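Per-chain numbering from 1; labels A, B, C, D, E and F assigned in written order.
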Amino acid sequence: MSTVAPNPNPESDPRVKAVFDDIRATRKTDFINNMWRYLAFDPALLEQTWAEVKRVMATPSTLDPLTKEMVYITASVINGCSYCVHSHTAAATAKGMTREQHAELMSIIALAAKTNQLATALQVPVDPVFDQG
Amino acid sequence: MSTVAPNPNPESDPRVKAVFDDIRATRKTDFINNMWRYLAFDPALLEQTWAEVKRVMATPSTLDPLTKEMVYITASVINGCSYCVHSHTAAATAKGMTREQHAELMSIIALAAKTNQLATALQVPVDPVFDQG
Amino acid sequence: MSTVAPNPNPESDPRVKAVFDDIRATRKTDFINNMWRYLAFDPALLEQTWAEVKRVMATPSTLDPLTKEMVYITASVINGCSYCVHSHTAAATAKGMTREQHAELMSIIALAAKTNQLATALQVPVDPVFDQG
Amino acid sequence: MSTVAPNPNPESDPRVKAVFDDIRATRKTDFINNMWRYLAFDPALLEQTWAEVKRVMATPSTLDPLTKEMVYITASVINGCSYCVHSHTAAATAKGMTREQHAELMSIIALAAKTNQLATALQVPVDPVFDQG
Amino acid sequence: MSTVAPNPNPESDPRVKAVFDDIRATRKTDFINNMWRYLAFDPALLEQTWAEVKRVMATPSTLDPLTKEMVYITASVINGCSYCVHSHTAAATAKGMTREQHAELMSIIALAAKTNQLATALQVPVDPVFDQG
Amino acid sequence: MSTVAPNPNPESDPRVKAVFDDIRATRKTDFINNMWRYLAFDPALLEQTWAEVKRVMATPSTLDPLTKEMVYITASVINGCSYCVHSHTAAATAKGMTREQHAELMSIIALAAKTNQLATALQVPVDPVFDQG
């Protein structure tokens, strides 16, 4: 079930084809996952979203690729995006996340959820020393 | 403003003192931040929370300390915990997070928020290949 | 899967029948969607919820019907309600939302998610000029 | 309090100055609000964020400027961003939002929160007719 | 700081005065907390919100008043409403919540946050036996 | 669909078997629900999570078992955990939650969602009298 109808032949649109071609070239795979097939309902939205994903996630940077994926999993879990939890757990696994690392990531997310809620429930004042402003 | 009154002399309670002593020894600092001072309204809750923080965050493991802090910042931002965003950004900085890494972390959180919402808004079906069950 | 069992013959309860009749009359359709069928497990909750939906969403007001539905979609996406994302996207489409408007709504939700997280992550202080209090 | 230190003289950096100049020209005001002053800790992040805000919010499109701001307020409330609730309520007011429209927006957000939670609590199945996939 | 300007003399409006009088009579106190003073910017919104709070929270029912307040605290923490965490913790305390019960409530919220995130992160399938639909 | 593969024979691991045996003994049932079967992908995570659930939820305390489950349902709804909404609604029902209590819990969650969003949208300042710090 979805809220937009994916085009059965999305690459008939040259803007969509160009993005899909770049995804395949960047990721070195023929597989185009559903996120891109559904975003293709609006070529401009598809182009902008892929450009940002490519820049942030697929360009060498100060953080290693696996760390980036673990941050992405964390965000996806807390934002409650089932699709993204699946896709980024698969991506992290493909980039070498071990079972031990996966379990440890779960432990940190679980602990943060706990202390985040406790600090909010107690309305703990921020220590002045933490201020960088 | 907070919802519990912190004890002005929390270490008069030996259970609280034992936890504060362990925090000081583990972190090699005399500073006890407000989170622990407010959790001290209930010594059992303080003990359990610190034990878990120490085990997950202050014990050598398969993830390096800075990666753990960046995951914790991510969770804290999305869970909307102002206190925790402050404390864990300070902790990450203390563990060596550079300005470039901080900015890159911001970019990943911002991108994940965007794609998480898009996937939810479009109700994109999970690709069968992502299923590990 | 659901957490309450919908009554197979909900209109045997006259309070439920009265609400369903009013939904049909207000919306000029025979279709009663699942939200109401499941809320019917408690007739008082059904009556109160429908009364508020009718007052806020189905009464002429200072905002046009399509704008209201787009606000509702936005809330539903961020509150993570899959059912509501589906039902209100269908409602917006029925009220004339074009593909371009749908894509633009997606762009605003995505951008807001990004800047909301950035402002929280940086803990940007509110400019005094924004205060109305 | 914030997690980054804003540069007291941010426009000494030519990339920051170029963005600030464009904000002033686009908005026809000399006022630069804190969001941009704090994002300036990383010029690339500032440039990318402003470019997207300008494209989505300050370019004529299929949705009128006030509708866009009301969607942005909705997102900001539910994402829990105090800064953004303030800045976008101010922006909507500047674009003509009346007290009646503000109150009505509050009513829709409040109703959506209610029905979003009810649908999640009851785990109401999506009606097949809503599927566009 | 707030997004609406509270009327310095709100009871000059007879609709506001009637609600404030009912709050005072229902709660047997002269104190009107800020929530009502700010909602008074729109008398209809004030009337509707108070009517629902009175019906749900201040009418004898199948749940005792303290349990209701603890549920309300839980919701307020997770929805990230600082104002509501403060006001409902105060209300629960006024209704007899002990320090032990407060600490136990914190433990349940913290545990739920943890297991909620774990179930989402692992995408655990719902056991068929839990289905009531 | 899930992000980890459950072991088809989890009790071949003695640590997993010990936890499952304790779950069966504590709950006086042979049924092990999926949450534990999937957490078993990492025995340490399984042990720690069960130990906390047992301590908080299955040990006599200052809150009665049904109140605890209703708090847990509330958290699960707002955290958006479909699995947990199902499992804890089933648990509350098993502990005697009536249909009337279930409906009333829904009313409180719905009302809290509404007022939480309103207080955030209006940015209502906390009354000084609520401060316990």
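In the analysis below, contacts are C-beta pairs under 8 Å (C-beta built on N, C-alpha and C of every residue); 3 or more make two chains touch, one makes a residue touch a chain.
What you see is a predicted model, and the numbers here were worked out from it, not measured in a lab.
Taking C-F and B-F together, the pair of chains sharing more C-beta contacts is B-F. Of all chains, D has its CA centroid at the greatest distance from the CA centroid of chain F. The chain with its CA mean position farthest from that of chain E is A. Comparing the contact residues of chain B and chain D by number shows a mostly separate set, under half of all numbers used being common to the two copies. For the pair chain D and chain F, the distance between C-alpha centroids works out to 34 Å.
If each chain is reduced to the centroid of its CA atoms, chain C and chain E end up 21 Å from each other. Chain centres here are Cα averages; for chain B and chain E they lie 27 Å apart. Taken residue by residue, chain D touches two or more other chains at 1-4, 41, 45, 49, 78-80, 82, 85-86, 89-90, 100, 106-107, 109-111, 113-118, 120-123, 125-126, 130-133, whereas all remaining positions touch fewer. Residues of chain B that touch chain E in their complex: 1, 3-4, 41-42, 44-45, 48-49, 79-80, 133. Of all residues in chain C, those touching chain E in their complex are 1-6, 126, 128, 130-133. Residue ranges on chain F touching chain C, taken from their complex, read 80, 85-86, 89-90, 99-100, 102-103, 106-107, 110, 123, 125. Within the complex formed with chain B, the chain C residues making contact are 73, 77-78, 80, 82, 85-86, 89, 106, 109-111, 113-118, 120-123.
Across the interface of their complex, chain E is touched by residues 1-4, 31, 33-35, 38-39, 41, 45, 49, 52-53, 56-57, 61-63, 67-68, 70-72, 74-76, 78-84, 86-87, 89-90, 98, 100-101, 104-105, 107-109, 111-127, 129-132 of chain F.
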